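Read through the structures below before going on.
Presented sequentially are two complexes of subunit A, the first with subunit B as partner and the second with subunit C.
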Partner chain A sequence: MITLLIAVPLALAFATIPLRKLARLILPVVVLANLVILFALKPHVGKIIELGSWPAVYGITLFFDEVAFYFLSFVNMMFLVISLITRDERFSIPLLVMNAALNGLILTADFFNSFVFLEIIAITSYIISTDKDNALGSFKYLIFGGVASIFYLIGAVFMYVQGGTLNMAYSSYIIGMSNPELMKTALVLFAITLLVELKVLPFGLWVPDVYGNGSALTPVVLGSVVSTATVYLFSRLSLTFVDEHLPPVFYYTVLASIVLSQLGALYQKNLGRTLAFASMASMSTVVASLLTRQESVVSTALFYLFTDALAKFVLFTVYGNLGVANFRNAKTTGIAFTFSSLSLVGVPIFAGFWGKYYLLKALFEQENYVLAIVVLVSTLIELAYVTKWNIEQWFAKKETTKGEIENIDLPFVQKLFVLLSALILLVIGLFPQLLLDKTNLLAEKLFDFQLYRDIFFGKGGM
Partner chain B sequence: MQNILLVAIIGSVAGYLLSLFYRRLGPIILLLISLYAFAMLWEIPSNTAENFLGYDVLYLTTLGKYFALLSLIVFSAYAIFNIVWIETLKTPHAFNALSILTLAGTLGVFFTTNLVVLYIFWELTVFASLFIVPMSKSEAKRAAVWYVTITAIGSFAFLFATFLLYSKFYTFDLVEISRNLSQLPKPTIWLVVCSMLTAGIAKSGVFPLHVWLRNVHGKAPDTFSAVLSGQLVKMGSYLIALLLSIFPVTTLFPHFYGGVNILSYILIWLGNVSILVGTLMAIKQNDMKMLIAFSTVANSGYILIGLALLDQVGFAGGLFHVFNHAIAATMIFLSFAAVVYRTGTTKIDELGGLIHRMPVTFITYLVGIISLAGIPPTSGFISKWMIFQSLVSRGMFVTEIFVFVGSIGSFLYVFRPLAGVFLGQLKSKYKDVREVPIIMQIPMILLVLVTVFFGVFPGQVLEFIVGAQKEFGIDAFQYEGTKLITSMGYWDTWIVFVMFAVGFLIAAVLYLITPKGKKIPLEDQYTSGEFLHNFDLYHYASRFYAFLEREYGDHPSLENLYASLVNALKSLGKGIDYLVSRTASAYVFWLGVILLLLWKGW
Partner chain C sequence: MLYDLSEMFREALSVPYYYLPLFLVSVGIYGIVSQRNLFKQLVSLGLIDTGVNILIISLGYIQGMEAPIYSAVTPIAKFVDPLPQALVLTAIVIGVGVLGLGATLLIKIHERYGTLELDELKFSKEHQRWQEIMDDEGDVGV
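Right after this comes the complex of A and B.
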């Protein structure tokens, strides 16, 4: 059944190539169907699905557990919202393909298979990011992503050569037992690839040009959905399958990336690029927390990830559609924007506050003062520019001077979802435990390789 | 306390909605909430613990109660004034809602000793007030960013210390932490205490984090400046007072000079510099609101010195000065708001001669500055006297010089608006200016009465102060009725008042029995046979203190230093942006990665 999450969007994408209009209508239906299937299958988490009845060692296997369930739900819900607010029918087919690939990326338990899905996501991302004639930006993205994927492939080859199988659980187990050094090398290779999509400087040098081009769709899809799915894969690879830290150089790079991206954002005179840098900074924060390999920190990093993705969705949707707006004439939109940006910074009673609160608390408990201070300093910089842009938009001059500030507002559907997301941020802010319980569970499962293996070995594949 | 907070939070929503129908309802709701809160709070005894939304986090100290009641007085005056003043705003509903939310936040700060809850309410206050600041002038946008950033430097330092303490003691409760604080190693104690105090220093506008006050107070909506200076800045003083008294500072830090520990000594020097900087800068200002903004810096310095002394007289003086400055600043800013309401400018040299046109406003300003400058019989004198007494008894003569210079300087700078705005020649364009409506006069008159009353009968205020001192184990300030006793003597406010009253009566009698001066119009004077075309030239208010300003014209400026620091950070960001905007960066980057990998042998 869970296979449908990949098969249906993919099949319908190809089926609707001649019928673009239909694709636009089908997209939300497909994503909704995905969600229905997901929730129907929730009681059956903790299972593997062997495609074509090939045993796990030989064939491609899907792995469906709690972690995959929550990530899939989040990704598909964001996708549903995106499909409902996107009016551009050019992108319906790439979005369908991307949806299939994202679901596949989260579900698959096979190295080569995940490489294929990564590539599909990358290709659809390039297509989407050429929106608004941003050829140069997406070209740069193509170079970054294209070269990066080679490293992933080499990593997968390493695993296959040494482990004898492409199955993630089996080959990691075998190599972990026989040749841990090689496992670490493969992980470094995987990490290099994933850091490109995770927007860590200098791997994320492509981001501002692609995100900041003014398209509403690109940053929302890449920032809220693709990044989340990539975080899933990254945490699986770096937390579940290995017991060791990545080389420290990664950690320091990510720390530098947090601060440098915030400084980049501070400098910007264009809101879109500011948000792009901000999203690099927050993703770097998540990655830095994952690299600590401490369960409490990872849990809070996921909390931070989800709330941040939601906030970024609002900010990018508003910016993508309105540019620098005049919120006096678009109050609802303005309130959603302000709520989300305050949540992004971590102002109390919004979800983002608890994200940073739990993160700092966990870091201090682990006596990891360096990351804590970096987070605080980066938040300070973030606060300055977020405040600036909010005030800029609320207190813009009422007269439209040379069309710079127009009296326009979002269409109803977009406004509705933007407001809903902002309210969700507020609700999570009031009841953070709702989300924290889930992320605690996710973090616990992510670290439990024993459980992951048992699901496979229990099948008696070897 | 929970009820008060909930009423205020819900009230802010109600204030917003009702203001949509009729904008004056917002201030009325704020007034009702303030009065309700005042009545409720008066009845709650100190050291009461309460739940908030099911969490056991609220705890009322005498100190908190004192500050909360004071804040409510300020907010009530502000609310009454706003009932009419709100007409001038373009966005009254948001203004009303955020004003009420600011009150809720600030009360929350005073009602808790839980560090995280304190932080939450603190940020609520900052962000509610943040969006009020740019509401009337577009130049205030930048000021608001500075405001939030500098406050955040403090509050993030506070948060850092909070978590650091949590990682040691696994509690956020300040009372519990203070009991065990001495177990930590010395450097950690320094780090924690200094980080937490930074929040108070940033918020109360003490050097070196005072740079936001000028533009924020100067450009915020006119009545809100009263709240900013009269109330929000006091939140910083509250935090300093709370931390200094709840932590066993005198035992944690070694004694340094004059029976003062090293931490207090450092704080006293920050206070000294604040007084100097605030005073000198205030003298220079031509904008009356910015002038009082710098005077706030100086007065925060006084408060800090008093609090840092942590003794029977000085600490009490610091707390009393909080009261006096809050009321005085509110009076002064409200009187300025009244002037701006009628004339539309804050520039001193554009005004003049309003004394006959706006007598109530003038009296309010006059009493305000008398209290601010510390002239008896107003209460402003008492607090400065107490701080001075404590310094003298310790032999801290250098600090005394600063305090003294600050006092003399305050005569100078408060005189500038007095002479420039209210005295001198009335400008012809303001010929038809009238006194503000009666509703705006009410809070001003009430505050005048409050100042004079507590100047003569300071008992009620002192009762709170003594309560706060006892609570934290500081020797209580001695007083009997109107007689304030220190180790060096006593001051009887009643006798002083009677002396001044008699002097005033004699002056009044003399005024009445001596011949009256003749009032002549502006045109009626010697002009060497020339026609007088521009009467405004006869008002000498521009470059009022040029002879003084010359002496320190080229002083170094912290504002510029911070601005260049931000620019340096931005140029780093520009460097990143440069890398980003080069397409070749992708090739170079990958080449680098591959070489690195080859070199590492992977």
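Right after this comes the complex of A and C.
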């Protein structure tokens, strides 16, 4: 049943190639069906699905546990909103393919299969990032992604050659027992690929050109759903399967990436590029927290990830559709933008505040002062540019040729969803425990390789 | 401690059929870093792809074994490992897709800017930006 999350969007994507208008109508229905299937299967988490009835060690296996369930739910909910607010039918088919690949990436327990899904996501991302005639930015992204993906492929083949299987659980277990150094080398290869999608500098140098071109769809899709799915895979590979830290050079690179991205955001004169750099800084913060391999820090990093994705959805949707707007004539949109940007900085009563508060608290408890200081410094820089852009949009006069104040606003559906998202940030800000309980559970499961293995080694298979 | 990469490299050089993939990947990386023409960068990416595909097939090769084709005259279990070959088939298809999409993007870039040279593209982008600003000011005047 869970295989339908991959099969249905993929089949309908190809079936609707001659009927693009139909694809636009089908997309939200398919994503809604995915969510219905997911919630119907919630009581059955902790199962594996052996495709074609091949034993897990030989064939492709899907792994459906609580971590996969929550990540799939978030990704599909964001996808549903994106499919409802996207009016451009050119991207409906790539979005259907991407939806199938994202679900596959989260569900698969096979190294090579995850490479294939990563590549499908990359190809659809290149297509979507050509929005607003941005072929040059998209080509830059293709070169970065193309070179990086080769490292993942080599890593997957290394795992097969040494472990004798492509199954993540079996291969990691065998190599972890026999040759842990090789396991860590493979993780380095995987990390190089994933850091491109996770937008960590210097791997994420493609981001400003792709996100900053004024498209609403590109940054929302890549920043909210693709990044979240990639964080899932990165967490699985670096926390579940490997028991050691990545080499310190990765950690220091990510720390530098946080500060440099925030400085980049501060010095931009274009709001789109500012948000692009801000997005890089946020993802670098999440990656740095994951690299600490401390359960409490990982839990707060996931809290930060989900709230940040929601805030970025609002900011990019507003910027992509209105550019630098005049909020005095678009007050509802303006309020949603300001709420989200305040949440991004970490102002109290918004979800972002708790994201940063819990993260700093966990870091100080773990005596990880370097990352804590970097997060504090980055917050100060963030506060400066968020204030600047809010003042610009609320108080700067932008007049038309007739001397009137510009009167443009989002269409009703988009306005509704950005307002809802901003309100969700406020609700999480008032009741943070709602989300924190879930992220604590996710962090606990992510570190539990024993449980993951047990499901494969016959205790939970079906 | 990471797996000793220098030892891995020495091992690779001791096996003659790793020479070609190493050479292709090196040329490809050099091409991407040094070339200022976008089409040459795309070709370099193709070279890296090909090099890695040959490397994967080489990893499954076992000295003295047969091709993995089952027939009456082929002894069972005397095959080279067929799985890397199957993986490479998929990787080739993905590689073709990426290169095809890359070529499409290059056509779009050429249509818009009239060049694929990075230095000229920078100038062309600046020129277009100024042109757009001038056009906007012209509209205000009207």
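Keep this in mind: the second predicted complex is superposed on the first by the 451 of 462 C-alpha atoms of A that agree within 3 Å, B and C clash if a C-alpha of one lies under 4 Å from a C-alpha of the other, contacts with A are read in each partner's own complex, and residues count from 1 in each chain.
Definition applied: contacts are C-beta pairs under 8 Å (C-beta built on N, C-alpha and C of every residue); 3 or more make two chains touch, one makes a residue touch a chain.
Keep in mind that this is a model prediction, so the values were computed, not measured.
**Student:** Counting only touches as set out at the top, which of subunit B and subunit C does A:157 meet: first, second, both, neither?
**Tutor:** It touches subunit C, and subunit B stays clear.
**Student:** Based on the superposed arrangement, let me know which partner A:201 touches: subunit B (first), subunit C (second), both, or neither?
**Tutor:** It touches subunit B, and subunit C stays clear.
**Student:** Determine, under the contact definition given at the top, whether A:119 touches first (subunit B), second (subunit C), both, or neither.
**Tutor:** Only subunit C is touched by A:119; subunit B is not.
**Student:** Thinking of the overlay built on chain A, is A:53 touched by subunit B (first), by subunit C (second), by both, or by neither?
**Tutor:** Neither partner.
**Student:** After the superposition on A, what does A:136 contact: first (subunit B), second (subunit C), both or neither?
**Tutor:** Both partners.
**Student:** Does the superposition put A:376 against subunit B (first), subunit C (second), both, or neither?
**Tutor:** first
**Student:** Does the superposition put A:365 against subunit B (first), subunit C (second), both, or neither?
**Tutor:** A:365: touches subunit B, not subunit C.
**Student:** After superposition on the shared chain, which partner residues are touched by A:450: those of subunit B (first), subunit C (second), both, or neither?
**Tutor:** neither
**Student:** Quick check on my understanding: which residues of subunit A belong to both its subunit B contact set and its subunit C contact set?
**Tutor:** Common interface on subunit A, subunit B vs subunit C: 136, 139, 143, 147, 185, 188.
**Student:** Subunit C touches which residues of subunit A in the complex?
**Tutor:** Within the complex, subunit A touches subunit C at residues 112, 116, 119, 122-123, 126-127, 130, 133, 135-136, 138-139, 142-143, 146-147, 150, 153-154, 156-157, 160-161, 166, 179, 181-182, 184-185, 188, 247, 401.
**Student:** Can you list the residues on subunit A that touch subunit B in the complex?
**Tutor:** Contacts found on subunit A: 136, 139-140, 143-144, 147, 185, 188-189, 192, 201-203, 205-209, 260-261, 263-268, 273, 277, 328, 342, 347-349, 353, 357, 360-361, 363-365, 367, 372-373, 376, 379-381, 383-384, 387-388, 391-392, 394-395, 397.
**Student:** List the residues on subunit C that touch subunit A in their complex, please.
**Tutor:** The contact residues of subunit C facing subunit A are 1-5, 29, 32, 38, 41-42, 45, 48-49, 52, 55-56, 59, 83-84, 87, 90-91, 94, 97-98, 101-102, 105-106, 108-109, 112-113, 121, 125, 139-140, 142.
**Student:** Can you name the residues of subunit B that touch subunit A in the complex?
**Tutor:** Answer in residue numbers: 91, 116, 119-121, 123-124, 127, 130-131, 134-135, 138, 141, 144-145, 148-149, 152-153, 156, 159-160, 163-164, 166-167, 566, 569-574, 576-577, 579-581, 583, 585-587, 589-590, 593, 602.
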